[in-house]
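Comments concern the structure below.
Chain nomenclature is as follows: A, B, C, D, E, F and G, assigned in order of appearance, with residue numbering initiated at 1 for each chain independently.
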Amino acid sequence: MNIKPLADRVVVKPLEAEEKTASGIIMPDTAKEKPQQGEIVAVGAGRLLENGERAAIEVAVGDRVIYSKYSGTEVKLEGTEYLILNERDILAVL
Amino acid sequence: MNIKPLADRVVVKPLEAEEKTASGIIMPDTAKEKPQQGEIVAVGAGRLLENGERAAIEVAVGDRVIYSKYSGTEVKLEGTEYLILNERDILAVL
Amino acid sequence: MNIKPLADRVVVKPLEAEEKTASGIIMPDTAKEKPQQGEIVAVGAGRLLENGERAAIEVAVGDRVIYSKYSGTEVKLEGTEYLILNERDILAVL
Amino acid sequence: MNIKPLADRVVVKPLEAEEKTASGIIMPDTAKEKPQQGEIVAVGAGRLLENGERAAIEVAVGDRVIYSKYSGTEVKLEGTEYLILNERDILAVL
Amino acid sequence: MNIKPLADRVVVKPLEAEEKTASGIIMPDTAKEKPQQGEIVAVGAGRLLENGERAAIEVAVGDRVIYSKYSGTEVKLEGTEYLILNERDILAVL
Amino acid sequence: MNIKPLADRVVVKPLEAEEKTASGIIMPDTAKEKPQQGEIVAVGAGRLLENGERAAIEVAVGDRVIYSKYSGTEVKLEGTEYLILNERDILAVL
Amino acid sequence: MNIKPLADRVVVKPLEAEEKTASGIIMPDTAKEKPQQGEIVAVGAGRLLENGERAAIEVAVGDRVIYSKYSGTEVKLEGTEYLILNERDILAVL
């Protein structure tokens, strides 16, 4: 896939319900802020620090991650829906 | 075109609907925050860091980009409409 | 357990009521902001400082901690409920 | 003209409608945030950085600029109206 | 007592009314923001500075302090009520 | 006059209406934010930078300045009214 | 008096009305933000800078100061009322 997110953004492919069950994680219905799962498909160059260097992003292409459900921007790329997220909206790698 | 955006601003020429289809990206109708596509036509010198240096902008003239739909300032230059955007409103390069 | 929180996040397993009594700490009913107890099960690499280094997290796996009740994101991992918290939501180690 | 704006401020002489047409730029009526054109007549010493140095202003006296319409402070100097703007309210140099 | 507050937090044991009178300080009834007295029973390692070092906390265990009444989080430890406060909520040492 | 403003504050003596006309500057009635003129009578040591040094104030005693009308604190000193302003509320020196 | 304010706080003894008249300063009734006079009776070690050093407070014990009327926290110490103020709430030394 040919998309390069800027700065500390990543592109995530959200996982379907059946895939989530397979991974053994179920988000509770009563969760205050429901997180969601996805797979990283592209990462940016990292946030620019005040010293002019970029901070390497902590996740890599292929990582399965949990992210905040209501964050990011949806894009449809060659028929598939993706999310462009900020690195800070990713909570954890599974 | 003769326009030089200041600091970390860029000038974008929004793409028409038919051009977007050609690129293979379609923005979903149900998107929470609808991004838009455009082509970079001018870039600023970059954001000024606290150490007095400028941070080079990550996009270049000619890049096709996705940006937040409701950001930026519209200007009409020699009959064509452009958007002056902040670099941080650009989500990704295609 | 196989989960790696990002940056200055930690994963906490909330303690049940009986466990809290055993530890000798009871949260008062009249508390303005009710804290809760839990056990750290995973820690991130730490917050990124502006100089590009990461600040080591002050808690370690196995620590019993008090945290703000209304913070964090709930996740269910292999049938057990956990909380992904920011390090700053942890008040103290017991 | 004898006015010295402080820090990262500049003094702008707004252009009349006929002048704008001559420059080939017309602001669309439907613009979300209508920018305006003007000519720089005075510039400050620049914003003070945390290291104690001043960041040189990117525009110079005589530059024709586009700026946010609703920014700045109006002053009447020897019968002519000017605007004292912050450098960050200037979008681009034409 | 076995509690270790994180970062720039301290644990305070609020003083009873009779103890306050003994110390010679009475908070006026008409005070805009009523401060309260207490004794420091535990201190954290200090706030993390951007250079990666910790700023030593200005108070020590045993200090009698005045703090903002409406700050902090109440915890009951082995039958006694304490407050976990941020160092910045402590106004003065008596 | 014996008053020493702290940090990046200055003391300004507002000019009367007739004085303003003499200087050739008239504030328009329709101004969005009406600036006012005055003379600097005292300046502070300057804002403290994070490196521990003070940033020298850009105006000096005797300077005639334009400042935001609704800023500052009024004080009456030996029968005369003055304003204690922050340096950043001063727009320009005439 | 035995009180040590923390960080960039100072302890002020507000002056009575007759004392203010003696000093030759009268606060106007129409003042937008009414300042008040007092005498410094204790000063803290100063604000902690990001480089780990403390910025010495600009006022000293015995200084007569003007401060914002609605700032600070009232305390009664051995029968006398004082105010614990932040250094930035002090406008000027007389």
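What we mean here is this: a contact is a pair of C-beta atoms (placed from the backbone, for glycine too) under 8 Å apart; a residue touches a chain by one contact, two chains touch by 3 or more.
The model shown is predicted, which means the values in this text are computed figures rather than measured ones.
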item: Shortest walk length in steps over touching chains, chain E through to chain G; value: 1
item: Where chain A and chain B are represented by their mean Cα positions, the distance between them in whole Å; value: 23
item: Residue list for chain B, restricted to those that touch at least two other chains; value: 50-51
item: Complete ring sequence of chains beginning with chain D, oriented so that chain F follows; value: D, F, G, E, C, A, B
item: Complex interface listing, chain D residues touching chain B; value: 24-28, 30-33, 35, 47, 49-51, 53, 55, 58-59, 66, 68, 87-88, 90-94
item: Chain C to chain A touching residues, read off their complex; value: 2-7, 9, 11, 42, 45, 48, 50-52, 70, 73-78, 81, 84
